[in-house]
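In what follows, structures are represented as structure tokens.
You will see two complexes here that share chain A, one where it goes with chain B and one where it goes with chain C.
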Partner chain A sequence: MSAASNRVRLQTLVVLDSGLELPDGALLSPPIASDAQPHRLFALSADSSSATTTKPESQILRTTFSSVPIVSNSELREEYQELGVALGELLAMDAGDEWRIEKPVYYVACHVAAELMDYQYPAPEVFTHGPKSVVFNWSNESTNLYLTVSADTLSALISTPQRIQRRIEFPTKQLFDPGLIFPALRSAQLEQPVVSIDKAASDLDD
Partner chain B sequence: MRYRRIPDGDNLFRHSVYPVSFKGPRFQSAKLWRLIDDQMSVVTSVAWQRYVPTARHVHEYGCRLALARNERKRSEGKYQDSSRQIYCGAYQLSARAVRALAETDGLGEIASANVVHRIEENGEIAHAELKVTLKSTGSDVEGTKTAIIDRLWNACAGPMAHVCECDVDVAPHPSGHLTTPPSGQYLDTRSYLSCLWFLIGFHIRSWYWRTFHRQRAL
Partner chain C sequence: MGEWKVLNARITFFTVGPVSSSDQSALAVYRQFWEDDPDSFQKEPNPLAPSMAQGRRGGLLAACIVNPTRTDLNLAAAGTDAQGPHPTLSLIEDAGQLRVELTRITDAVGRGVISRALNRVALYVQFVAVKPTLLQVNKTLMSIIPDGYRPNLTDEESFIFQINRPQVLPDVEQLRMNYITKWSAESIRVITMLLPRDPAVRMGPPNIGSPILGEFLAASLSFDINNVPVAKPLTPPQQSSLLLNGLTWAAETQRTCGLNIEGFDGVSRLE
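Let's turn to the complex of A and B:
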């Protein structure tokens, strides 16, 4: 399979002490909370044979969320309520209807929608390929982001009219730790190295 | 039946029908295509220009398509005016663009992509089958379908919007909401003579099929 198609797995993560030296050009932002230590994350992406860029955690968060359009919470909630209704309608279709989705797909799709709302993604368009999946779609002028949700896999596709930019697959069991998926998705959308924050590794620092 | 390979340079048309390709009043490009699972393949339908040689023929095919769906719903007792199927227009793409799917970066799970002439049981002689065969790589088939429809949309040109005679009462007609794909509008660049040649060929083939093949099928 080509390099454009990656399967994302838990990645090695090293949390370094804040006293260590940063590479040239790296910005040191203030910690998120006044009493928190500024963690620096080294994330090894799928194709990395060497360590990738070093950034303080707060900088990574600020960068990865910089493209989120400002939408009021109530507006966002309303949009997601409409999405919930649309998913419900897909589930409630007649048994013989070709557009009806299966229950496990519905449950996973609802879970994903809830996480997307938590991560302040604008509400997506929704369509289906049939009973086995639901597709969430965001588009701007030239780029499309699709998130295909099936009972056991989430597949992200980022494309332009010219080419497929990126494809990533996540097993749905990773939804139990959405912190692994949605920031990674945002990073992929911005063509940045995919960064996962490994809670276990972070906890070691405490 | 022997399926005939469609030459790379030939045009294909995908018909857009309301409400299937729409979300509310808005056209949704991702819903233009519907890929059906067929073992390790996904298949869908298009019309081959050799058997719909002019825009009029392309649209007649679309009108028949919507009409047949409405009739089927009626016969099942499920027809509702609110869910009436309305043909809105067609998008063009080439057979070459379909076959190029197999060489697309990021679609390594595709073993082959092809389009063949396959006359439908209902006698639609322009019907062609677009078939994408997948490798058994264990990758998510549903995700692959999304990638395929994304690439197909980007290979399309159009729309050729249309209002069928039976839908002139629909106002506003949803064909006004069809959007232009990234490749732009469809321009029929065939010369007058070429069109005439297509038309003559179409009438001969239609006559031949109706006379011989259909009788054999019956």
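Let's turn to the complex of A and C:
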């Protein structure tokens, strides 16, 4: 099973359409005497006749699609993985290091980052602000959004180079209802309504 | 219809609020539900990446994947070495065992096994009937789609039809539940890698990781039952009640659609 997801991504493997020719060197394996006969079966290397000393390991590709997704979340997830590594490094720094953050701040910051990822925010830059908070930063043309995350408060500051436009504060207990906070922050930064679509299905996004 | 089998099932918990300790890994959650160590465990490489624990439960393969905002318990068929070198699609043969396992998980949820706050729970079950051609897949799908929705298919590919019939549960604080049914033609690809039985045996070319790709066409009927996210975290009895409601609905609906999966009917609480 994939280490990065509980769904194997089709993009990592060869995808063949029904009309496509077999890849070079591929062999058509002999038919299988089984009720669940595969529609097509072929080997991807020159020789696969090594059954006596080998055991099979199989992996199922759960989903397959003909259309290509317009937007893939894989890049967003990769950026947030880097953010997660950075937060872990800030926690692991030596006690006297000015960049070190305290554990309660770390847990809240990680949770906020996870929710930001779920709400499709671009991954922010992260700055330290002493051991009791971290700052997530996004720049949008002429405005900046600074989200200061501490153990018990989220503080959002939206500013231009000339002035502070808006300041919003939330207690962290409101993280139990993330549907209110994160679209509101996005709307405040962009100064326009933000469309938020509730997904009825429970499967993971591609 | 003996041709229909369960491909996989999943129970999902959507967590809210920051964690208060590091003891929320897949290893800890696996042990809480199955009271045993997994066969394999992968720790999260960073706090925003998932951790995963996996083990066999009789004929089932149980996997626990913990993401920052959701935890999934997946159940699928446990393959065997006896399947041979050619790719086979492993399906859950004993749907009764699956029903028992899902019910047991639901009961454990009701006892408060999940320590984090949840605002949503979900149950997913997928049934498939493997067919040799797309024509037969589509014919099978048309035979189980209710009269009012049934299209006239021939050899069209990638057929998907999904509906949601949400309901409010008056006995669970008026929570709104989604009841999603999806009929689809699936192309399931299985990759088989040939590995040496003896780990000390070194495989040389041309046998290194000789992957063999098998493709299976299947008619698929899947259910996704979940509640609309709520502002106030669900209590353990509410979580259990919602999941059991989903199990009961799934068992009844697969029977209504004509699948009649032996053993999956008659969901009931464990004694």
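One rule holds in what follows: the second predicted complex is superposed on the first by the 120 of 206 C-alpha atoms of A that agree within 3 Å, B and C clash if a C-alpha of one lies under 4 Å from a C-alpha of the other, contacts with A are read in each partner's own complex, and residues count from 1 in each chain.
Please note the rule applied: a contact is a pair of C-beta atoms (placed from the backbone, for glycine too) under 8 Å apart; a residue touches a chain by one contact, two chains touch by 3 or more.
Values in this document were obtained by computation on a predicted structure and should not be read as measured data.
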Partner chain(s) touched by A:175 [first = chain B, second = chain C, both, neither]:
second
Which partner chains sit in contact with A:145 here, chain B, chain C, both or neither? Use first/second/both/neither.
neither
Applying the document's definition of touch, where does A:157 land relative to chain B and chain C: first, second, both, or neither?
first
Looking at chain A, does chain B or chain C touch a larger number of its residues?
C
Check whether A:101 is in contact with chain B, with chain C, with both or with neither, and answer first, second, both or neither.
neither
Between chain B and chain C, whom does A:114 touch in the aligned arrangement: first, second, both, or neither?
second
Mind working out whether A:90 is in touch with chain B, chain C, both or neither, as first, second, both or neither?
neither
By the touch definition at the top of the document, which applies to A:185: first (chain B), second (chain C), both, or neither?
neither
Would you tell me the residues on chain A in contact with chain B in one complex that are also in contact with chain C in the other?
1, 4-5
Complex contacts: residues of chain A adjacent to chain B
1-2, 4-5, 94, 98, 125-127, 129-130, 132-133, 135, 137, 142, 144, 146, 148, 150, 153, 155, 157, 159, 161-167, 169
What residues on chain C touch chain A, complex-wise?
8, 12, 14, 16-20, 42, 45-50, 52, 54, 63, 65, 67-70, 72, 74, 76, 79, 81, 83-91, 117, 119-120, 122, 124, 130, 132-133, 157-158, 164, 166, 178, 180, 186-198, 201, 203, 206-207, 210-217, 224, 226, 228-229, 231-233
Quick one: which bits of chain B touch chain A in the complex? Just the residue numbers, please.
23, 28, 30-31, 34-37, 78, 104-109, 137, 139-140, 142-147, 150-151, 154, 182-183
Per the contact definition, I'd like the list of chain A residues that touch chain C in the complex.
1, 3-6, 13-14, 16, 18, 29, 32, 34-48, 50-51, 53-67, 80-81, 83-85, 87-88, 106-108, 110-115, 117-118, 172-173, 175-179, 198, 200-204
